[in-house]
């Protein structure tokens, strides 16, 4: 497959899940097992195609767009159907297809009440197209469509298959995210008119940047900031996240943490920074401060949690804080760190949510106190996996979590684009507090492990028949477990792919 | 005076159809009366064909007071398309409900004659006549369910508020005439421009004229009739009032505002902008508390009118680019609105027809009984909210686009309210969606049997909502060509 | 002849009409109030035509008035029909008794 | 022989492979995986010996660096995977692999029958890998990776018996305390690398480049002071320095072989190793060196005092480790680079020996407490004599390894004092005082354990050959290792030259004023500070010469301490309170020599009963309390943040918006009264308002 001409492959990969969702919808509901298998096949084929795309991606030119498609779409507003993929898109795109595939496999055995695999899987496939599209759309309008497309399926996933407070959580998720994204849309439009080039192309606009007055840059960036920051989510826009995660079904949580949150940071990197460099520089200290508050704050909130899943949800706030700290650094290393953190968090936290889901299926509770410890005795393999992933999540070197966190702090010590001259002290403080955040992170994870993993199992569970990790779970989890290790040992897998693209990007920023 | 017969061919076709319907109704008996619906549909299609033939033409007749251009054609297609859809969703409703079918179809067609005249009218007199042609049959249709207390109450409220606002409008028109000496819109513009300063009395008169159309589009504070009338009227009539009649109001308001009063846009634009803010905010807030789906849709349509008023708030005299963008935004929004709102009413009719239900809680579990209808309703509601990939998104997009054509502080204020309101609106749309999908169905309810016509209409509108959501260019390519300029 | 007289008359009639529409309870009187308003508009139009634009080629004012008279008649007919139907259903023509639908 | 250095990476990697192999299929093997670990360790050990020999025989070996780009980090910077093999690396290799191999062998018997035997071996191997990774790293980032990994292994092994809450707590405490220090390390590494940006290098973490840049004055003072102090914070926590030493005694909750390997010989010395690696950087700043020296001095003294009052044998050794690490740190702070790492080297052997010996004892009596031991000399002869050798080495008895290394440190302090630095005096005198304490507590331990009657409830017997053999080998090394740098050593081939990298050789102290110091040559011990021709001061090398004055002092101190200990504990555990028990003896001593009483009343009593208790109290209550308090405060802050700030304020704001919308909705809907005439009225009123408004606008 020639990456210069095979734009069709990307289009096919992108819309295959959508078509698959339609096909699933056509199947009669009674064919429960067939539907689940069909979903595995669809996501599997899509994943295989993406694997082929990845394999044929020209890594020596990862800074350039490959597999491009550029077709007329809405001529009245100059919006074009512009797809492409560079080193920044590729890892996220790949992750999207991998996670969805794994989720489909997982769903063959696990589906929360009220069942209905057809609807569930169709929504998941719809979600997949939305998520994947966000990472390869190179037209602002198209990007926005994909961006918004994910809201509806996720709303239903939480609302129909969620926990007891699903009504509240789903609506909150939807409205909160929507609120931000409309401001983002307005910012997009403002950019379109200010640039005055009758184009929504991200590439073209990045090349034109900077344009517009300082006031324009500030306000437009603020609009985008609201949209992206809510999605990330940055403190203090994070409160939808714990609720959504806590109530969402396992697969929903996995995709939410694994991919959806990444859309926010991706948006910052792909759109906000290169198109509005001046605004970005003005906002960078604020982003950095909010990010570090998020790190410390998220960790503190984690310490206070009694529900495993909610704890993991709050941990996302902290981890995404590191990602945003990388962005706030406004230099290549920072962007690299942010994007790496994205991927690592997607894999690790996705995996943690899988584990939390399985935990719930075994114990029928997620309350730490009720579980009461002893999992290493009762279900040792599961306990070991939990330890492994928790340790990865707290940023242990050699596992994926480390590189994003360390590099973010490293990058933030000498922020780019002239920020170092003005805010050197601030950024040093940010690094220190972020580093303290890592201790707190270690603290809550160890405490969690101590409370659920160690010791003897309490009375009520001693005679309970609890399954250790099942085959289907091994199949689903193994790729993620291996990726956690692989990315930890070979950070080049992500850093290397992104390198040229990030350099390119910083070129737009003038850094 | 030579009459350009082709220019008025759609109107003539519709008029002939209306008369045929009347005749047929008089001569047919029993079940055969149902044929009139078919006659009406065929006539509508004929009118539609004539309209499409006119696409690309610039024609005017009756001394320039009747103009056919792209703008008018797009509107007429919108109306005739809505008419077809309403015919589709009406058929079983009226066939089963012991109504006066013949009269209904006659009145419906008559009302639509008024509507398709509206976008072509360039004279106060013609606008007034068209408006009344829309309204008077509608008064009667609202009261079609003669034995129903609700229906007669709906008609009465509609009528009284309607005539009051028309009277106010006429009073305003008479004063405008006093100042300008003409009822031809371009001449009014010219002579207002020539006046230089605007007399307070003239300003008041302009406001009064706008009030008349404000009633039609149910802008706050002229909206009070809408919820009561929608919920009391037969549902297809409510759909017609909520969509077509409102669109007609906007057609008239566009002509008045952007042609006749264009030179004093600075005067009315802020007022309409404030009305837009109040309308969408009040509509959305009150909709939050509704338990009756039709009333919810009514308040939602009030709010939607608020969104559509935003472009009016952006108008500026002499700024052709801004004004054109505003007009096109309204037009696009109206089309989108028609597609999704008629669809929503269609599903409501299907549910109501079988179960007699309309409270939101009665929609519980609809998804498990009739998943397709539930999915259609979900799509329409999400589209009304503006979620992708539906046409509703692009409607909002068009408005924001118009607002940002040339940014002013007021435009930003309007945008902020648009954002806040969009979020509030999702509260109640999602409430319905949630009820349909996530609440369990009451026991023993039969599945819906919406019938072929209604299903077809809902399906077409569903496809339209999504298709236009993906390819808004199908419509926006047409609307972007439109301008109010007199051919 | 001065414009003041006709305009004052028209305004007075209009205000009476508005007041009647809001305040009278009997539906028939409400309907008559509407007619009063429309009549005031006609007075306006005719007065303007004759006093301000006497020599104008197009007699917009008078034509408008004629149309209004026609439409007013139609409106009155429809209005009476609605009131009649209301009476048949509820045995009242009191407008403020009609408040089944609210909120 | 270049080829052997090329293979240094094998040394590091082999334990990783064995760890993986043990984890994968150790359980199926007859030795349950232990044979894999031992085999791998044996190979790495042999390789390490080879590397050590090759570097040692080179006199002063050239650093051997091999690196390749492992990943770009953005901005043109790269993260290298590379190895830096010089004498320091080779020395650490030798120490780590030796002790690790011994522990691997020893544990076969010690851990026999443990339910998680295979897991234990996997962890041991993994730890060895991590430690070797830290040692071999050619850049600070890679070192951080190893550093964190040893911390994880330490955590997992301290919590090996995780059924007990106290063990879980100990593991968590260890991890979190060291993690807190890691904040410093990581930020410090970041600060240093940021300082390197200015040099235009693409590998800002590279250790050799950093050292070179520091010496060339390319790093700003701020960078050096901030960076090194932060890194030192990491060392403080990892190497058990006051006040972050609190985790180390608790870490004794782990199995004893683990204590020997991780918490005595290797991991805890990582901090010293790192300081030695970056010595040229820290030598640029008097402040940094002073801080390091003072922390070291405080630790070495008070840490030793704490060992006096322990009953748990492992805790005695743990506090002793704290104290000895304090010596090493202090030595670094007074320019005693060689002295410090030489002590690191010898201490590794004899402390591992002591721990393994303690393990042997514990294995026999099933108790950690000395009060449960006693009279072990007879039943456990091998354990006895090896333990005594270890104790002698620790106490610095002449001609043992500990003697040579510890005296190096004292001499280094003296030299430093000669340059006019107070810290030098501190190290010298406090170091001497602590030597007394060290001897006393070790003597006390030896008497309590081996003398007197058997107080245990078991019939102790000597451990098997797999446990005894490592003891013997380590005992030999506890003596022999000292001769690498002694008056008997070769002038060319000795520890000094072996571990001195060219950087250290050329390291300068820019802050020493050449004129003021008189420009004389100060030659002594392991290093000399001499005025170079250009007025700059350089560390030079040389084999130590005898310092008979010091030797005499050391001997007196040793004898006094042993004697005192014998007086109190020579008959075994005192029945009653030692003070009373010794009352008669004290009187006799006062009467006979007048020295004992003084010593007891004014040294032992105040020191042991007051100072040590105060130190214990301060450690257990104040510092530990602060740690615990910090934990509690954090937890409270966490709950406050979550419940009040997050759920009430921020989320409350979000929900409040929703509720206010609902509230408004409820009010506003009442406008729709149902009365059509009110509608009309509102319409007219609205119209009037609009008309007036527009008229006003106009």
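All chains are identified by letter, namely A, B, C and D, in their written order; residue positions are counted from 1 within each chain.
One rule holds in what follows: a contact is a pair of C-beta atoms (placed from the backbone, for glycine too) under 8 Å apart; a residue touches a chain by one contact, two chains touch by 3 or more.
Note that the coordinates shown come from a computational prediction; the quantities given were computed from them, not determined experimentally.
What chains touch subunit A and also subunit C?
The common neighbours are B, D.
Can you identify the chain nearest the overall CA centroid, using each chain's own CA centroid?
A
Out of B-D and A-D, which chain pair has the most contact pairs?
A-D
List the centre-to-centre spacing of subunit B and subunit D in whole Å, with centres computed as mean CA coordinates.
So the centroids are 79 Å from each other.
What is the distance in Å between the mean C-alpha positions of subunit A and subunit D?
It comes to 38 Å between the two C-alpha centres.
Quick check: how many Å separate the C-alpha centres of subunit B and subunit C?
Subunit B and subunit C have C-alpha centres separated by 26 Å.
Determine the centre-to-centre distance between subunit C and subunit D, using the mean Cα coordinates as centres, and give it in whole Å.
Computed from C-alpha means, the inter-chain centre distance equals 98 Å.
Provide the list of subunit B residues touching at least two other chains, using ranges where the numbers run on.
156-157, 160, 164, 168, 227-228, 289, 427
Using the touch rule from the top of the page, what residues of subunit A touch 2 or more other chains?
Subunit A, residues with two or more chain partners: 175.
Two-or-more-chain contact residues of subunit D, please, as numbers and ranges.
Counting only residues that touch two or more other chains, subunit D contributes 658, 669, 672, 674, 676-677, 680, 684.
If we use the touch criterion from the header, which chain pairs count as touching?
So the chains that touch one another pair up as A-B, A-D, B-C, B-D, C-D.
Give the list of subunit C residues in touch with subunit B in this complex.
Listed in rising order, the residues are 10, 14, 17-18, 21, 27, 30, 34, 37-38, 40-41, 44-45, 48, 52-53, 56, 58, 60-61, 63-64, 67-68, 71, 74-75, 78-79, 81-83, 85-86, 88-90, 95, 98-103.
Tell me, which parts of subunit B touch subunit C in their complex?
The contact residues of subunit B facing subunit C are 124-125, 128-129, 132, 136, 139-140, 143, 146-150, 152-157, 159-160, 163-164, 166-168, 170-171, 173-175, 177-178, 181-183, 227-228, 231-232, 289.
Where on subunit B does subunit A make contact in their complex?
It comes out as residues 382, 387-389, 393, 396-397, 400-401, 404-405, 407, 415, 418-420, 422-423, 426-427, 430-431, 434, 437-438, 470-473, 476-477, 479-480.
What residues on subunit D touch subunit A, complex-wise?
Residues 70-77, 79, 141, 144-146, 148-149, 152, 155, 159, 162-165, 168-169, 171-172, 175-176, 179-180, 182-183, 186-187, 190-191, 193-194, 197, 631, 634-635, 637-639, 641-643, 645-646, 650-651, 654, 658 of subunit D touch subunit A in their complex.
Contact residues on subunit A for subunit B in the complex?
Touching subunit B from subunit A are residues 73-77, 141, 144-145, 148-149, 151-152, 155-156, 159-160, 166-167, 170-171, 174-175, 178-179, 182-183, 185-186, 189-190, 192-193.
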